[in-house]
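The two complexes that follow have subunit A in common; it is paired with subunit B in the first and with subunit C in the second.
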Partner chain A sequence: MQNEELELQQEKSPEQGKTGKDAPVHVPHKKDAHANPAAPPNKQASVAKRTDSFLYGIPQLGLSRVERQVPLNEPPPMPANADLKYLGKPTPRYDGVAKVTGAGKYTADVYLPGMLYARMVGAGVPHARVLAIDTTAAERYPGVRAVHVIQHVLGNAELRDPSKERPSRYPIVRYMGQPMAAVAATSQAAADEAAALVKVQYDPMGFVVDRDAARATDAPSVYPGPADQGGTAGGGGGPANVPQVGNVHGPERKNVGDVARGFAESDVVVEGEYYTQVQTHSALETHGVVADWKAEELTVYASTQGTSSVRNELSEIFKLPKSKVRVITEYMGGGFGAKFGAGNEGVVAVELSRKAKAPVRLMLDRREEHIASNRPDSHQKLKIGAKRNGTLTAIQLTSYGTAGVGTGAGTAGPATNMYNCPNLLTEEYDVFINAGPGAAFRAPGHPQGCFALEQAIDDLAEKLDLDPLEFRGRIDDSPARKVERQIILEKTDWRNRHRAGADPGPIKRGIGLSQSVWYRFVNLNSSCEVRISKDGSVELMSAVQDIGGGTKTMLAQVVAEEFGIPPQSVVIRIGDTRYPIGPDSGGSVTTGSISPAARNAAHQAKQHLLAAIAPSLGVAPDQLEFKDGRVSVASDPSRSYSLRQAAAKMPTDEVSARATRVPDYTRDKITYGGVDYVELAVDTETGRVHVERVLGVHDCGRPMNPLGVISQINGGILQGISYALFEQRIMDRGKGYMLNADLENYKILGAREVPQIDVILIENYIAQSSTDAAGIGESAGIIALAAAIGNAFYNATGVRMRRLPMTPARVLAALGKTDQEMHA
Partner chain B sequence: MNRFTFVDCTTVAEALDHLKQGSVAKAGGIDLLDLMKDGIVSPSMLVNIRRVKELHGIETSEQGLSLGPLTTLSELAAHPVIQKTYTALSDAASHAATPQIRNMATVGGNLMQRQRCWYFRSSEYNCLRKGGSECFAQKGENQYHAIMGNEICAMVHPSSTAVPLMAFGAQVELTSKKGKRTVPLNEFYIRPDESLLDETVVKSDELITRILVPAPAAGTRSAYQKYGEKESFDWPLADAGVVLVMDGNTCRSASIVMGVAAPTPLHAKAAEVVLAGKTIDEATARAAGKAAVDSATPLEQNGYKVQLFHTVVYRTILLASGQLKRDPSAVGGMA
Partner chain C sequence: MSDIEKRAITRRGFLKAAGATAASTVVESAHAITKDLRDSANGPAPLGPGAVPFVLHVNGVPHSISIEPRMTLAEALRDTLGLTGTKVVCDRGSCSACTVWVDKVPTLACMTLAIDVGMRNITTIEGIGNADHLHPVQAAFVKHDALQCGFCTPGMVMSCAALLERNPNPSLDDVKHAISGNLCRCGTYPKVFAATLEVAQDRKALSRPVSTSNGKDA
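Moving on to the complex of A and B:
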């Protein structure tokens, strides 16, 4: 969809390519990355540049300066956070009050005159050809205004050769709950009841919902031939054109050096298998839209991570010019990667609106939400070799994971990108099963990959008789993580931790840690307009959405800093495609992409203001300076005006400027990460694990709003604990039905499971943009927590947890207290 | 679909006028609404008894405790006499569900809630309890199911308050237009081998009008403990209520009930025998815990619950006897 418009800031390994696939930022494959470099040299050469001197590095390691060539209209380099007034300072959420009082309107709060309510009909069997769909009774149901039968299902993989399957009038059902049809009625109750009256006649086929069972040669085939998951606006398409045998799609292989030689050269080898479960997104707000089809324009209120992605997909499907599709997301209740593009619900709502000639609201119910998307599971075999001196010689990873009817279950990102190792072989397989499709989910592949890698690294440290923290220091080049490890050493009891399983009684305590890695993605579809009115008021407009991370607050700070006025006085209007285009929020791209555009627009609007008022002040514009919220004449400091006074002198009622993200100043390879430290207790007689303390030390370039960043890390840590200890999709193997598609048996941590959490941010100036900012969504704890808990569990008990989640059933099995092994 | 009439009553007599086959009494509505939304029950009439004054209130006397069935779990948990004399009951009430639910959920409703089983509670499965011919849990996903008395139906009864109430020997007063009868809680629940379609002895025209708990003998001490996967808002994987009549350090008699071990709350008689006449210490408590699960017949995925019940029984005994201040597995308890 928009791959070619995206800038890649670093070369991608195939694993990262897959990461990018899973992640909303679509990074296809290494060869594509080469073919489509971030900033074509010829293009770059054509932009006039100047040389600026930038702050560089991490304060704890000593800051230095670097020179960068930057486009002429870039604002001057930004000082360190310590020297700024609003940026880098803890700033309360811009719309926090509106959110907690209910004044903020989410998609489900949108009421339009004459609005109808819709409900989808989901498949009642896991695998079947559909012989007939009878909507007569539903159409006759009182209050029903439109019924739509779905012709094409989004999210499923597609056969490379469609002739492998007998043509079918309706989409083949490949998982229970797959959207089939939808009904719009004058009330939600009528829609629900009418939807239940849609009769579908199935010709059932064999099915399989268990990853291991699906790998068997005689397992029912989810697809009758090789299939690949098509791209969606959320990033799509696992590796295409890899082999497929039965349900096993792959491998996607990456080979660097020679692992056989690497293992032969090693002194020590660790080898292990690790299993992780399917996690569903479970955003508080389910997927949904309000669609309003009108001849002149289609308007869609969407709970989405990308207003542009919804517009693009609807424009493509309904053959509408983008100029006639408007998407609005003013408040958004969480997506975690599952909400890009229109989605089946979005397309269906638009169809229904067009048919009924009325606005239609379609919000998924909780069951549908659990089925619509997930983080794939994994079964990983990981082998690592090292020399006595603590250098790695080889890493070999084979992973099988299921993304249901989709692909993208790779886990090799951490093994590929965290540590120095000359020989690497990774082989990733997707296993199709008859369950809902996987989707991007907060650091796709990385919590799974880290769960294996970071436990294996601890095992290796033990075999080498090295402190795991020190061992990481020998194999990890990241300067940020070096500082982060040092902070952990200083702020915790790490040095005094006991040997594994040392506590005598049934309650055993342990300490552990894990590192995380994430990448710098930038989306150049990032524009802002900043407007100054004659009364001195300032507003910013962009189509970018705030999915909960605090984008509005951050943008207000950026503009505030530029004008020297408080952030609360800046009006931020975002989440509407009528404004300048914004990036989709995924892969931690938003802050790093949009904040330079915001600063540049603010800076340029300021220049316009100075130019507009200079004549009335009888000076040239370059004699005016804008500092601390005041405009003054350089040669005569007594002539100083507030923003309001200055704006009043404008000859017209407003000035404005619009800026678009320019490519990063260099193409340095940049990763982000963090180190998360965990203290926990294991009750070996109940199998319960209590995380008691977490210290997360993280980096994300320049922290723009420490309050917001820490808040995201708190959330990531909690989501990581929840993933490690509680969450799991449970499929009934007998019927292919998800048994816990609710919030009662799908268990998410609650208040009593929240440990003491401390977060320390480090500043990491990289001199890449006018703000030097980066996102934190992915490397915010979710990547490292399960591994850190696994390592702390080992320190507590002397037993390695190889299966998630660590429920009493699995813990007691691992401790040998029961002879049953829970299958993950 | 879910079309029903709603009758608001203010007296027991008025409620009894409406209670018959097809209608159902609604107190807090916690479980009932879930069952209706999930299409498991579809009563033609809801008889709202929430405003029936005579069904509210906690009375304490020398004879014991008389609980109005509309007493909320929050009220039970906060009552000073219950906290002191019927500790296991306030412990159980304070650990059920969430604070919000405890403010709405009544003790009568807590006893009357239907069993937990995701096959039973999904309209996708026509199980034995719904007139079908199969218990899907036997060969299906049964990690949360019963480890005892599970041969026919492996659902578990999750009532937190039934566990201590049964351990205290509570009785339930049932009223119909024909009169009143009193049933020991021991005989209140119907096992699957007795009937698959009735879960309690309560008839469709009857209403719980009182829950009576006899005054404990001198030297009685009690405790309740529950283990879920989570502490916040989770169903128990194992819970136990223990009532000990102590004479110094010696246990004269013990009443031990396990919550979600079987389709109904279950007296751990073998464990009670182990304790009778013994000095309570960790060894006897563990022996009792082991005896409690001797007859377990776990299914394919719930063997771990045997260990959990072993632990919850022995630790609850020590909690009741005062030899353990706090279960080490409770949040903060390991500190």
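Moving on to the complex of A and C:
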């Protein structure tokens, strides 16, 4: 069974050339970590290869070497970080100065000559057929240059059988704020005012915005028949063609072994229900584009996580050859999974630009941003059985979650992939409601799944009378997490923690931890060109974008290492589809996918340089070596030249090389993760939870830039605390609005809630590519923090928090200090 | 005493003003009312609703511009003067991304009408330092990697630099307080703390003021 799924997964792997709207979903409903999507397809096995010896393992466990078959033009294996000059060393951000001085131009900062400003018109009801849309008044409004009525809405699930619904001239409204039309005008104020003049006549239908209510058989149907939603490059989306009854879509079922037998064999069983809330992405730069339609080329500046995904979608929708669609993302103000493809705003902006014959800027406002995407909520029932000896016998998870009008609320990733268990049954259901669509959000499904799993594992440890950390050691095969748990033991007071609820006073302190798991994905749509000019300057070009993770810096380090020159002397030009294709930044694929292409291009450009100058030096190219930034003649070390001197000898003005990511060297099963440790205080009188310290110990293959990686882990930890304690979308059940679609009432952690954070990164050499790097975005703490806080809360109070966020009202209810529990 | 003396332009005051200028019809009636008042009591001449000439003093340079009275300072800086370092994130005073200084006081540019600034001096992120002469806080942000996507960064820098202007020896808690209104979604806070505290430490060691020559009006 598992083997069959392994094969299936590999055939659908992300490197098979698909991107954009149809991109295979990285994770959420394909949680088989035993698949390695980076594995080479069999048909490529005929590439000529050589055998190299690679560094392998984790320093704390002892490094070894493994042999790998690699393509002939791969650069030589890279030594450990300790033996490198620039890679693995803390390196200030390549574009740090541009960002701290305000000079970096984000999409929201692009002003083109004659540019118009646009505003979308959102539906004013949560569920309706649209009878008429009157744009006359908007069109006549001073300053208005174009009005567009949307024909097809992106992001909603699609009916499998469209004939289930009476044909309609306009898209059916399925959530409040669903994009309906848009206006472009000479100022933002004029566009806003004109948008308010678009008159929509609705034929309202019943609606439901509550997950539990939507599951009832007599609930209003969001869709009149089964409907599915595809994912994006960052995940999201749900399984297609599963059963659907009313609003309940699923289950997506995974069954390994026999859970009934597993529970029968168990000595101890824990069972619990867990609830998590809807979280909105709240990137500080909203989704948006500046679209400039011209007959010769469509140019789109986009705040996106995937320049290629935007180009693909616009090319498809507007029937343009990709060669005539250019997408630019120079600086990007955060995405966290919400920004793939053109989006409704992108398509509408292009329509308006085409109509108005002028560039159009369309940035969502903050309310629209909150409605455009979210992390689905969950209601999980989790049951785990174990034997006295501390081995698991069965895991059974049933989850219901809502991604609004979309799907992708599955949570089974951690339960499926973290621990050894012979019997597993997971059933994931999506529940449609009349609310904005879910989307990939930093480790889709995993914070939810971990919140249940890792608290249940702690409960199980207590029942087995085992230390939770030691218990994890018995059921977890991951060598990286083994090292990470050991570091937690060494660096914290874990062994001396008190029993649950032991603090006598009203302020109760506790400690807890949680593990996380993420997967190795590689996108072969990852190419770089490296160019050496006659003056010795070096540039790298790729369409890959930097969404804040530090891609530019990492690429500069890779090229710098290869040439032996400082990273700041390398020019990095990325975020433009005119350059060689880059991967979409989702699922932590970017660094692991693009860095080998960068190294290989730099390595090959170097070979071209040596070949070009060898004749003028009177030697054969293989007599020249490039080391520590100098070219020297092997037989005569006195003949040594700096890169600038060497380049000056080139017969032409430049040499360049372009390389594309080759598949991983083996089909090994590889996951990443971390262990996060939390100390907190619970004020049992006010119900406030104060996280006081976090120690995160994480792995991501070869850490390329520890400075930037630690920044990302800080961010994941803080997003995780924010998710656990503060954030929550609140819907008005009577009217269907999102009540807190702003940054005032949608609470996000601020500076005063930041605990002391310590991060320890471990090196984990896996011998899979010419850089051995991997991403950190997903496994950076967001997965584990809510569960770690839950476990620490239990240690503090002796009470389990099974519902997020842990607001003061919920805490007081859980502690029995108020009469009733608050429900989400 | 609060560490941050926000400008006297309060949200409530702003909302009152916005309420009177939200829609053109209301503006016209407000205009008429104001006109009546002036006629009767020699009040100040009303401005707008159309564009009016105005001089905005930004980073030590007077800019003669023509703006609608309802335009916020953030819009005037970005749309009219092209100073896009000042970011607009929430557009309602919840996130401090648009923080600029008005006479050295950190002010939310999205909650301030440009014409309310009058002759006062505005300092933006472009005014406190540039690539050739970084403000010490900017340099420390780069060194500590106190930024990721960078969208909150200009506002963070303005808040932290203002803190050091009024409190040369801040504690960690002072720094947290100073940026308690600055939202960052990437989670750069720990490094923002470290960068700001390091600037204070360095300055103490060197016994020299934090201000740079770039902030002429600062």
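By our rule, the second predicted complex is superposed on the first by the 774 of 824 C-alpha atoms of A that agree within 3 Å, B and C clash if a C-alpha of one lies under 4 Å from a C-alpha of the other, contacts with A are read in each partner's own complex, and residues count from 1 in each chain.
The rule is short, and it goes like this: a contact is a pair of C-beta atoms (placed from the backbone, for glycine too) under 8 Å apart; a residue touches a chain by one contact, two chains touch by 3 or more.
Predicted, not measured: the structure shown is a model, and the values here were computed from it.
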Considering only touches as defined above, state whether A:336 meets subunit B (first), subunit C (second), both or neither. second
Between subunit B and subunit C, whom does A:633 touch in the aligned arrangement: first, second, both, or neither? neither
I'd like to know which partner A:752 touches here: subunit B for first, subunit C for second, both or neither. both
Given the touch rule stated above, what does A:97 touch, subunit B (first), subunit C (second), both, or neither? second
Just subunit B (first), just subunit C (second), both, or neither: which does A:715 touch? second
So, does A:283 touch the first partner subunit B, the second partner subunit C, both, or neither? second
Given the touch rule stated above, what does A:807 touch, subunit B (first), subunit C (second), both, or neither? first
Check the residue A:475 against both partner chains and state whether it touches subunit B (first), subunit C (second), both, or neither. neither
Scan A:109 for contacts with subunit B and subunit C and give back first, second, both or neither. second
Of the two partners subunit B and subunit C, more of subunit A gets touched by chain C
Common ground on subunit A, meaning residues reached by subunit C in one complex and by subunit B in the other: 193, 744, 750-752
Could you please specify the touching residues of subunit B with respect to subunit A in the complex? 1, 118-119, 122, 124-125, 136, 139-141, 143-144, 227, 229-235, 237, 298, 300-304, 306-308, 310-312, 328-329, 331, 334-335
Spell out the residues on subunit A that touch subunit B in their complex, using ranges where they run on. 124, 192-193, 196, 506-507, 509, 681, 683, 685-688, 690, 692, 725-726, 730-735, 737, 739-740, 744-745, 747, 749-753, 807-809, 812-813, 817-820, 822
Would you tell me which residues of subunit A are touching subunit C in their complex? 92-93, 95-106, 108-109, 111, 187-189, 193, 282-285, 331-334, 336, 365-366, 547-550, 707-708, 710-712, 714-719, 742-744, 748, 750-752, 754, 757
Going by the contact rule set out above, which residues of subunit C touch subunit A in the complex? 23-24, 68, 70, 75, 78-79, 82-95, 97, 124-126, 129-131, 134, 138, 141-143, 145, 147-154, 157, 175-177, 179-193
